[in-house]
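The two complexes that follow have subunit A in common; it is paired with subunit B in the first and with subunit C in the second.
Up next, the complex of A and B:
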């Protein structure tokens, strides 16, 4: 295991070297991107799978008390406000205030993910241009086979950076979209909670 | 907010970032892994060209083609139109165009060849050093007993002076580069010849640093 890992690390270093100066920014972007994705993945947890209406009834009747996820927590907060006697427009506004951190949580790092997914292929492209410049430079000065450069160096730089840029972007795009979809649904559900809680209490 | 504690989420996110890092780079490395043998950083493959005079097979003297008197056929009628004559056009009876005539004629080529830079494998006669200045062995390297070499690409102009120097390869890296470049710049060469004319040329020169 140890030599295999060592070999992998060696390959990694060689790869990073052959890509030139663009590789390390991309390296940092990978870390940030997956940090943001991981945070979003764990922050956007619905809790129970039951529908909003059922959950409200259960929490209201006291059958369940411990919230397990974001929607559960929001329902508990909303019911608390309503039970304290705030109704109608005032109640609605208070609930909206109480939901603000939930909305924020749903949006946290979304821009970061989208930006990195967009930018990393562009950075890869920049590396490609740098590699092509090196290639043509070495064509011009006939230093075709110089150490750590020349035609081979330039072309490998050109290809590796684009490759890394795409490999960073594509999984980030897919996973980011999946999480985005979940967060959109939950935003709608928060609205639904607001409506249900206020209307039910008014109707009583 | 009733949710998982923020600290826990950040910790999990950190784990994910480590996962992502491994994921991306393992994917990328596996993609490029075909035919992986050894890291090339140990020794960069360098192509070397040795000038070798290849004996050209002498063209056999061709038997002189017998001059064929062209018979002018009196044509009475217009040729029947067929497909091939329509495709190839009419035969005007002129001699075939020959590129050799153009090349041998200097006037036609003009000054195109004057500023051309060639490489030492395309010229007829490679440049030869005519005056070399002695190179001082770097003191530090001598003390430590370091030996090595520097391979350079020199741009030698028509007068035989060195115009530009580029280091292609050096071992150990950067130890002898400055000394070698400075020395080579003062060298003089017999300019390279192409078709009897001196030409500008990129030539390779290796300088060895050995202790004896």
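Up next, the complex of A and C:
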């Protein structure tokens, strides 16, 4: 097991070296990207899967007390403010105030993910251009077969970087979009909580 | 009148009656003569016909014999023509083969000449010449495919000549071993060799000179020793920018300018961000414990965007809710002018830099094609120069654009968060104040 792992690591190093200087920044970006995606995926856990109305009724009647996710937490906060006796416009403002951290949590790293997805193909392109420059340089200086470079080295650099750039960008784009969609839906649900809680209290 | 005609008719009738018998006799005589003549003519006709038939049949016989004759002769001529064609072809083939043999012999002669082997071409005995040629070539190729150690000299990096051992790997690579210096050699032009800048090759060279086979060969393979190989000069940043031409410089200057803006904006934002939350908290504590007037006095001692927004909020706390919200929004808008400063300029540079790179690429390609029209495609060095200029500008454009995109987006997000935070703090303040009332 150990030698196999070692071998894999060596292969990875060879891959990184054959891509030239843009590979390590790209690699760092991959790690940041997946950290951000993982954070977002974790942060936008909804909690209970039932609809917002049902959840509010449950929490209000005391059947459930411990929040399991973001929406649950928001409902608990909203009900607490309402139960303290703040109603109508003031209650609505207070709830909005209390929801601010949730909104921020939903937005966190959204821009980071989008930026990395946008930038990584560009970095791949940069590596491609650098590789092509190396190829043409070695054409110019007639060092076609010299070690660690030359035509084949330049072309492999050009291809590896484009490859890694796309490998970073495409899954990041797909997963990022999915998470974006979920976070948009949850923002709408937060609005819904506000509306339901305030209107019910006014109706009482 | 009628009478005259009648008289004339009568006269004619009477005359004819008188000459009738004479006429008949004359006719009979004539008829007999003609009949005799006709018979004679018919006789002659049949005779002539017979003669003709005989002549025609003899002529036909003659024609047939002549035709036979012609046929036989045509066949003979065809056969002869074919034979002639074949022999012509043979003659051509032979001359072609001779030319081929001669060119092979000449080629062999000229190929072997650089290695000091002289080959005499005997035009009357090509097989012997070819045998000699192949024997010599085989010997030479055996020599060239082995590792030889000879005494010789090579040039060092500083241009001095150094005597030592030359380890020739066939005719495609050479190592030099001398006291102190050794390594792989590359052609220096004019059949001379020079030391290549590859420190790792020293071990290979000494190992080969000692007759050992190292595990890995540091090798420089060359085609021939007459063409000099240039040292690959280490390119500095300046050289790279320089090879991008004017457009390269424009991109670099724009990039540096944008980087300066990024630093300035980061500085602004870090100042604003570090103050927002503490100021908001202190204001809230002050407001809850001491009241509006004291808070205003406290805020007057503070500086910064957050303090100004708070001040505007506290001053208008007693107005109705929507009015206060408008005031807060306006105050933040006023501050956002400062927070957003340079943001769009940075993004513009990030967007324009790759476009400028593309422009440089196109310009470089145009230069390349100009060179092609002027000098042709013969020298790859000329072409690769233009192409690498084209690529360098693209590279510079991307090098400028990528960090600016990353940093610019990060700073925009940061500014957004600061503004959100200020708005939130202000509204929180209003809520707390209203709760207290």
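Simple rule for what comes next: the second predicted complex is superposed on the first by the 204 of 204 C-alpha atoms of A that agree within 3 Å, B and C clash if a C-alpha of one lies under 4 Å from a C-alpha of the other, contacts with A are read in each partner's own complex, and residues count from 1 in each chain.
In this section, a residue touches a chain if its C-beta (ideal position, glycine included) is under 8 Å from a C-beta of that chain, and two chains touch if they have at least 3 such contacts.
Because the structure is a prediction, the values reported are computed rather than measured.
Superimposing the complexes on subunit A yields a three-chain arrangement in which subunit B and subunit C clash.
Touch criterion met: A:164 reaches subunit B, while subunit C stays clear of it.
Residue contacts after overlaying the shared chain place A:177 against neither subunit B nor subunit C.
Contacts of A:6 after superposition on the shared chain: neither subunit B nor subunit C is touched.
Of the two partner chains, subunit B is the only one that A:38 touches; subunit C does not reach it. Applying the stated contact rule after C-alpha superposition, one finds that A:102 touches subunit B and leaves subunit C untouched. A simple residue count on subunit A separates subunit B from subunit C, and the partner touching more is B. Residue contacts after overlaying the shared chain place A:77 against subunit B, while subunit C stays out of touching range. Residue contacts after overlaying the shared chain place A:93 against subunit C, while subunit B stays out of touching range. Stretch 55-63 of subunit B is the one among 1-9, 55-63 or 91-99 that clashes with subunit C after the shared chain A is superposed.
Common to the subunit B and subunit C contact sets on subunit A are residues 141-143, 145-147.
Residue ranges on subunit C touching subunit A, taken from their complex, read 198, 218-221, 227, 229-230, 232, 321, 354, 380-381, 383-385, 387-388, 391-392, 394-395, 398-399, 401-402, 405-406, 409-410, 412-413, 417, 420, 424, 427-428, 430-431, 434-435.
Within the complex formed with subunit A, the residues of subunit B that make contact are 1-4, 8-10, 12-21, 23-29, 31-33, 36, 39-41, 44-47, 117, 119, 153, 164, 166-170, 173, 202. Those residues of subunit A whose C-beta lies close enough to touch subunit B in the complex are 8, 10-15, 17, 27, 30-39, 41-43, 45, 67, 69-70, 72-73, 76-77, 101-102, 105, 141-148, 160, 163-164, 167-168, 171. Interface residues of subunit A facing subunit C in the complex, by the touch rule stated above, are 86, 89-90, 93-94, 96-97, 100, 104, 111-112, 114-116, 118-119, 122-123, 125-126, 129-130, 132-133, 136-137, 139-143, 145-147.
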